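The two complexes that follow have chain A in common; it is paired with chain B in the first and with chain C in the second.
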Partner chain A sequence: MTLIHFAILLPVIAAVFIGVLYRYYKDVHLGWFVLPVPVLIVAYLFTLIPTVSSNQVIFESMQFMPRIGMNFDVYIDGLSLLFAILISGIGALVVLYSIGYLSHYEKLGNFYVYLLIFMTAMLGVVLNDNVLMLYLFWELTSISSFLLIAFWFNRERSIYGAQKSMLITMFGGFLMLGGFISLSLITDTFSIRGMMEQIPAIQENALAPLAIILILFGAFTKSAQFPFYVWLPDAMEAPTPVSAYLHSATMVKAGLYVVARFTPLFAFSELWVWAILLIGLVTLVWAAFNAVKQDDLKAVLAFSTVSQLGLIMSLLGIGALGVHSGASEQVFTIAVVAAVFHLINHATFKGALFMIIGIVDHETGTRSLKRLGGLMTIMPISFTMTVITSLSMAGIPPFNGFLSKELFLEAMFSISEADFSVLADVSVLFPILAIVGSIFTLVYSIILIRGIFLGKTQPETPKEPKEAPMLMLISPIVLTVLVIVFGLFPNILSGTIIDPAAMGILNTSEPLNTEISHWHGWDSPALWGTVAIVVIGALMYLFRNTWMPVYRFGNKIFTINNLYDQGLMYSRLGAEKITDGYMSGYIRSYLVYIFTGFAVLAVITMINTDMTFEWDTASAITIPEVAIMLIILAALIAILVTASRMVSIIMFSVIGFSLSLLFVFFRAVDLALTQLAVEAILTSLFLLAFFHLPKRARHEERKRFRLNNMIISVAVGATSIIFGIAAYSNRLFDSISQFYIDNVYDLASGGNMVNVILVDFRGMDTLFETLVFGLAGLGVFILLRLRVNRKGENEFEEHA
Partner chain B sequence: MEILVIILAGILIGASVYLMLSKSLLRIIIGTGVLSHGILLMLLTMGGLKRGGIPVLDDSVQSYSDPLPQAMLLTVIVITFALTAYMLVIAIRVYKELGTDNVENMKGVPRDDD
Partner chain C sequence: MNLKSTLKKLGYAKVHKQMNDVFLKYTAKVVFLIIITFSINLFFSGHYTPGGGFVGGLLAAAAIVLLLLAYDLKTINKMIPFDHKWLIALGLTLSVFVPLVLMIFGQPFFTHQALYIELPIFGEVPIHTAVFFDVGVYITVAATTLLIITLLATEQAMSDSEGADRS
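Coming up: the complex of A and B.
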C-alpha cells in the first residue's frame, strides 16, 4: 500500500465516511465535504507530471490475490496519468458544480457516495497494470454509473436508461473479461507490461483474433460506439453533473483508454486496425447525423459525445497503422497525438457544454429546443461560454477543437500513404467521411447556440429565466478558459502531457517532440478541408428546412433502439413461452420427462456398451415359485385394469403377501417375516385411508387406456429387465458376504447373519432407518392434527 | 429362475410407471408401492437365489444364501413402509383441503381469501 494506492482508494474511503456522517451535518451542503477528495488527488497527480514527462514510468505493486496472479499493480505512464488527471480534475469541477445544481432536498448522501465510488473505479481502470484488477474496476464503473443514472429512481425513464446502460456495458464487460483471459492464456500473465514483452507470441497464436474481438466488444460498448451507442442518449436521464462527468469526460473514455492501452499489443493485426478505424468513422458520421435532429439539449450533446468518441477511436486506428507502414511512421504518429489532444479537448468543451445546459435547464425549467430561445441578454455568461465551447466543438479557430480537428483531417488525408491491405484503394473515402461528420458537427453546434440564445424570447418557459448563481458558473468558466488557453497555447500540453501519453500508446521511449502549430501553409489539405466544412456547414444550416425532412424516413421502426427494445421484449417472451411450454404444472408431465429420460439414457447406454448375457449360471426353475409369480402377475393386471379402488388395494396386498411367500422360497426368512408384517399394516392403512377418500363414484369409472403411458411404462420395464439380466450375467467379483458368514459367530456372537449385519456389522444403517421411521410417525401425527388456517395461525383440531 | 424373477421385477417396475402416470392419488401411491416391490425383487435377485441354506449359522449347512442383500432389503422395506404411510396421510390431507384426489386439478391456483 503506497501513496498512489491510497490516492486511488481515497474516494471510496471518503465515501464510507460520507455515508455515515451525512445525516449529522444538515446545515452545510454535503458537496463541500466531498470537494477536497478530487482536489487532493489531482494535486498529487500533478506532482507526478515531471517524472512522467521525463519518460519515466512509475510502478507500484500491492498483493491482492497473488495465487491467481491478481495484484493491485499500479503502472503510471503518460497515458494513465493523462486519464487520471482528467478524471480527478473534472471530478473536482463536477463536485463543485453539483453543489449549486443539487438542492438540499435531494438524496445527497446517495449521490456523493455513488460518485466517489465511480471516481475510485475510474482511477483504478486507468492506473492498473493487471487486467483482472482492471476488469474489477471496469465493472465497478458500470455499477456506479447504473446507480447514478437511476438517481431519480421514481422516474420510469431513469430506470429504463439505467437498465439499458447496465445491460449493454455489462455485456461488453463480460466479453472483455473473456478477451483478457484468452490473452493471459497466450502469455501466461495478467500483467499488461508482461504481455507487451511477448508480442511475437501473441502474433503467432490462434487465440489472438478472439482476444481482439472480445476486448473490442468491451471497449466499443463502454465507449458507446456503433451500434452500442444506444445506451448513452438514454443515460441522459441522470442528473446533469453526472452526464457531464460520466457520459462526456470519463467513463465513455474508458473504452478509448483500453483501445489505446492495447494498441501496442494488437496493432500488428489487420482486424484490430480495420475494426477501430471503420467503427470509429461510422460512429462519427452516424451520431453527428443523428445529433442534428434531436430536440432535447442533452440528447444533442449525447449524440455529439458519441460522434466525438468515434472520431478519437478512428484516430487510434490510424495510429495503429503506423506499425504496418514503416516508412511513413511519422505521419501516423500525428494521428496518435491528435487522438490524445482531442481527448483532452473533448473533455474540456463537452464538460463545459453539459454544465451550461444544466444551468439552462436549472434556470428555465426546460431542455427542449422548441421552448427555448433568446436567452442571450438574460444569460450573458452562459451565452459566451456556449459560443466558445460550441465553436471549439465544431472546430473553428482559435479554440482547441480547431487544432485537434485540423490534426484529425491531416491524419485522414495522409491515410493514402498507408501500405496496408486494400486501404490505399479506398483511401479517398476516409477524408470524405471525416468531412461529412464534421459538417454535421458544425450544424448541430450552430443549432445549439442559435436554439438556446438567439432568436425570439420564448415567453412560456416553466421558470422565469435568469443567470445562474456564481457557484454553478465557476466550473464551466474554468473549462471554457482551458478551451481558450489550450487553443492559443497548445504546446504547454504537448511536452508535458500529450507526448508522454502518445508514447504510452505507441509503446516507445523515443521522445516525440510534437509541435502543434496553428498554421500549416496554404498547401495543407486540412486547411481546405476546414474551409469546406465551414462553408458547406453554414449553407446546410441556412437551408436546413429543405433537407431536414430526410430524418422522417424510417424514423421509428428502423432504429437500433427499436432493435434493442424488441430484442429485450422477445427474449423475455420467448423465455416465458419456453418455460410455459414444459413447466405445465402437472405432475404427470414431469414424470413423463423423468421416465422418458430414463428410458432414452438407458437405450443409449445399451447401444454404446457391449452387454453380454449368460443364462447358464441361473438356478433351477421350480413349479411353486412360478405359480406364485403368476399370482403376482394376475394381481398386477387386476390393478391395472380395475376401476374400483377397493379392488386395487386388495390386489396390491395380494402382491405384497405373495412377495413374502417368494422370500420364503428364496431362503430369506427375516425378509419374509418383515414383509408379512409390513404388508398387513399397510393394507389396513390403505383401508383406513379408503374411507377418507372421495365418496363420489367419479373416480370409480373405468380408467381410460393411454397409449403414451403404455409406451413409456413398457420402455422403462423393458430397459430394467435388460439391465437387470446384463448386471446379473456380468459379475465382476465375488460377494464380500463370505466375511460375514465366516465371522458372524467369532466376532459378533450371533447365529442369524442377517440380524447380526443389521445391528452389528452395519448398525449405522439401522439407526437412521429407525430415525426415518420415527420422523414418518411424527409427520403423520402432525399432518393429522395440526391445522394452519388461512391467517397463518396454528391450531390443533379438537378431534383428529 | 433368476431370469424369470428379473423379468417379473421389470414388469412390476413398468406397471408401476403406468400407475404413477395416472390421475388418481391412490393409484399413484399404489404405483410407488409396486415400484418398491419390483426393486426389492430385483435387488434380491442380483445376489443370486437359492445358493445355499437360510443364512442362520448351522453346522450341518455347507453354504448359505447371501445375507448382505437380505439385510439391506430389510432396511428398504421399513423405509418404504414409512414413506408409503406418510404419503397416504398426505393424500388424505390433500383430499380434505382441496376436495379432490385428482392430481390434474391440483394446479395451485390460489383460492380467494374469504
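Coming up: the complex of A and C.
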C-alpha cells in the first residue's frame, strides 16, 4: 500500500463517508464535500509529472492474490499519467459543475457515490499493470456508468439507455477478459510489462489472433466504435455532468487506452493495425454524417464524440502501422503525437460543449434544436464559449482542435503517399475519408452555434431563458481557456505530457522532442486540406436544404439499433418460452428434475468407469451406530406411512438429531454442533411455515405419482451409496487433510482445523457462502413483502 | 403468537392461559442467557476447539427464537431494536473488510495475522484477524435466520388477523 494505491482508492473510501454524510447532513450541497477528492488526486498526479517526463516509470506493487498472479501493481508511464490527469482533472471540473446543475431535491447521495466509484474504477483501469485487475476496474466502470445513466430511473428512456450501454460494454469487456486469458496462456503472466518482454513468443503463437480479436472487441465496445456505437447516443439520458465526464471525456476513452497500451504488443499483427485504422475511419465518417441530422443537442454531441473517438482510433492505427513496419518514420510519430494531442483537446472542447449544452437545457428547459434560437444576447458568455469550442472541434485556427486536426490530416496524407504493398490500392481513400469526416464535423459545429444562439428568438421555450449562474459557468470557462491556451502555446504540453505518452505508445525510450507548430508552409497538404474542409463545409451548410433530404432514404429496419432491439426482444421471448416450459412453480417438480438428473448422470458414470469395491479398509461398525441407523430408519418409515404433516416434521427432525449423534461417533464434533443448531432452527422454521403449506393434493395419492417418486428416490439412494463406497475404495489422490494437520498452527496459528479451514485456508469460500446466506435472507424478505397490487404494480407493504 | 395460533388451529380453544405461561416465560429468560453465553463461548473458542461463527450465529438465533415462542413478536422487537436487514449488511461488510484491511498492511488478500498480547487477568491472549472476519459471519448468520423466522411469524400473524376479519 503506497500513496499511489491510496490515491486510486481514495474516491471509493470517500464514497463511504459521503454516503453516510448525506443521510444526516443536508444543509450544504453534497458536491462541496466531494470536490476535494479529485482536486487532491490531480494535485498529487501533477507532482509525478517531472519524474515521468524525464523518461522514468513508476512501479509500485501491492499483493492481492499472488497465487493466481492477480496483484494490484501500479505502473505509471506517460500514457497512464496523461489519462489519470484527464480523469481527475475533468472530474474536479465536473463535480464543480454538477453543484450548480443538480438541485437539492435530486438523490445527490446516489449520484456522488456512483461518480466516486467511477473515478476509482477509471483510475484503476489506466494505472494498472495487471490485466486481471485492469479487467476488474474495467467492469466497475461499466457498472458505475450503468448506475449513472439510470440516475433518473423512473424515466423509461434512462432505463433503456442504461441497459443498452451495460449489455454492449459488458459483452465486450467479457470478451476482452477472454483475450487477456489467452494472452496469459501464451506468456504465463498477467503483467503487461511481463508480456512486453515476450513479444516473439506471442508472435509465433497461434492463439495470438484470437487474443487480438477479443481484446479489440473490448476496446471497440467501450470506445463506441462502429458498429457498437449505438449505446452512446442512448447513454445521453444521463444527467449532463455524467455525459460530459463519462461519455465524452473519460470512460469512452478507456478503449483508446487499451488500444494504445497494447499497440507495442500486437503491432506485429496486420489484423491489429488494419482493424484499428479502418474501424476508426469508418466510425469517424459515419458518426459525423449522422451527427448532422440530429435534433437533440446532446445527440449531436454524442455522435460527434463517437466520430472524434474514431479519429483518435485511426491515428493510433497509423501509429501501430509504424511500429508494425518497423520504420520509426516521422509519419508514425506524428500520428501518435496527434492522437495524444487530440485526446487532450477533445477532452477540453467536448467537455466544455457538453457543459454548455447542459446550461442551455437547464436554463431553457429544452434541448431540441427546433425550439431554440437567438439566445446570443441573452446568454453572451455561453455563446462565446460555444463559438470557441465548436470552432476548435471543427478544426479552425487558432484553437487547439486545429493543431491536432492538422496533424491528423498530415498523417493521413503521408500514409497515402508512403509505399505499402498491402494497401497501395486503397491508400488514396484515407485522406478522402478524413476530409469527408471533417467536413461533416464543420457542418454540425456551425449548426450547433447557429441553431442555439443565432437566428430568430424562439418564444416557446419551456422556461424563460437567462444566463446561467456563475457556479455553472466556471468549469466550462476553465476548459474554454484551456482550448485557447493550448491552441496558442501547444508546446507547453508537448514536452511535459505528450512526448512521454507518445513514447509509452511507441514503446521507445528515445526522446521525441516534438514541436507543434501552427504553420507548415504553403506546400503542406494539410493546409490545403483544412482550406478544402472550410470551403466545402461552409458551402454544404449554406445549401443544406438541398442535400439534407438524403437522410430520409435511410431504412428504419436495417439499422443497428433495430438489430439490437429485435435481438434483445427475441432472446427475452425465447428465454421466457424455454423457462416457462419447465418452471412449473412446484418445488416437487424441481426436486424431480434435480434428482433425476443426478441419478442419470450417476448411472452413466457407473457404466463408463470400472469401479472396484474394497471392504478391507473400512472400519468396523459399532453397536451405537447400528442403533442410530435403526432410529433413522424407523423415523423414515413413520414419515412414509403417516398422513399427518406434523408427525412428518417431527420425524424429520428426529432424523436430523440422530445424524448429529452419528457425527459425534465419527468424532466430527464441529459438524455435530452445527447439525444440532441447524436442526433446531429448521424445526422451528417448519412449524412456522406449517399453515402456509398447501393442502394435500389429490395427485399425491395417485399410484403413478408415488411410483415415479419411489423409483427416483431409490435410484438416488442406491447410486449415492455405491459412489460413496467406490470413492472410499479407489483413492485417486492423496488426502489433503495431512496438509492441514501439518500447517494448522504454523500458517494459521489455530488449533481447530475445521474452523481454521473455514476462516483462513478457504476463507474465500466462507466469504461467498456468507454472502449467499445474507442474499437468501433478503430474497425471502422481498418475496414475502413485495406484493403485486391490483393494478399490477409492485409495492412494498409496510406493517409493524 | 405463532405457538398460540398453531394451538388454535389444532383445536385448543383456551390458548390464552397457555400463552401467559409464567413458567415458560421465566424459563425462557434464563435459558436464553445460557444459550447466548454458550453461543459466544462457541464463537470465541472456535479457533482452537470446536465452534465458530456459523454455529455461534445459529445458536444466537435459536436463543432468540426461544424468546419468540415465550413472548410475542412486538416484545422481541422491543428487546432487540435492530433492523435485521441492517445487521446482515453490517455482517457482510465486516467479512469483506477484514481481508481488504489486511491488504493495507502489505499482506495478500485473506492472509490472516495473529498477535499475542498480555492482559492483566486473562494472561496471554491471542488476537487473530480471523476473529473479526468470523464476527461478520456470526452477525450475518444470526441476522438472516432471525429475519426469515420473524418474517414468517409476521406473515402468520397477518393471515390470522385476515382470517378473523373475514369470519
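The rule we apply is simple: the second predicted complex is superposed on the first by the 564 of 800 C-alpha atoms of A that agree within 3 Å, B and C clash if a C-alpha of one lies under 4 Å from a C-alpha of the other, contacts with A are read in each partner's own complex, and residues count from 1 in each chain.
The rule we apply is simple: a residue touches a chain if its C-beta (ideal position, glycine included) is under 8 Å from a C-beta of that chain, and two chains touch if they have at least 3 such contacts.
These numbers were taken from a predicted model, which means no experiment stands behind them.
In the superposition on chain A, contact of A:53 is made with neither chain B nor chain C. In the superposed model, A:718 lies in contact with chain B only, and not with chain C. Residue contacts after overlaying the shared chain place A:596 against neither chain B nor chain C. In the superposition on chain A, A:205 makes contact with neither chain B nor chain C. Shared-chain residue A:626: touches chain B; no touch with chain C.
With both structures placed on the common chain, the touch criterion links A:189 to neither chain B nor chain C. Contact with neither chain B nor chain C is seen for A:110 once the two complexes are overlaid on the shared chain.
In the superposed model, A:670 makes contact with both chain B and chain C. For chain A, the partner with contacts to more residues, out of chain B and chain C, is B.
Within the superposed three-chain model, A:767 lies in touch with chain C and out of touch with chain B [touch as defined at top]. When the two complexes are laid over each other on chain A, chain A has residues 669-670, 674, 678, 681, 685, 689, 692, 750-752, 754, 758, 766, 773, 776-777, 780, 784 in contact with both chain B and chain C. Those residues of chain C that touch chain A in the complex are listed here as 2, 5-6, 9, 42, 46-55, 58-59, 61-62, 65, 69, 74, 84-85, 88-89, 91-92, 95-96, 99, 103-110, 112, 114, 126, 128, 130, 133-134, 136-137, 140-141, 143-145, 147-149, 151-156, 158-159.
Of all residues in chain A, those touching chain C in their complex are 1, 62-67, 72, 669-670, 673-674, 677-678, 680-681, 684-685, 687-692, 748-752, 754-756, 758-760, 763-764, 766-767, 770-771, 773-774, 776-778, 780-781, 784-785, 799-800. For chain A in complex with chain B, the touching residues are 585-588, 591-592, 595, 615, 617-622, 625-626, 629, 632-633, 636, 639-640, 645, 648-649, 652, 655-656, 659, 662-663, 665-671, 674-675, 678, 681-682, 685-686, 689, 692-694, 699, 703, 706, 709-710, 712-718, 720-721, 724-725, 727-728, 735-737, 740-741, 744-745, 750-754, 757-758, 762, 765-766, 769, 772-773, 775-777, 779-780, 783-784, 790. Here chain B touches chain A in the complex through residues 1-28, 30, 33-34, 37-38, 40-42, 44-58, 64-68, 70-75, 77-79, 81-86, 88-93, 95-96, 100-104, 106-108, 113, going by the rule given at the top.
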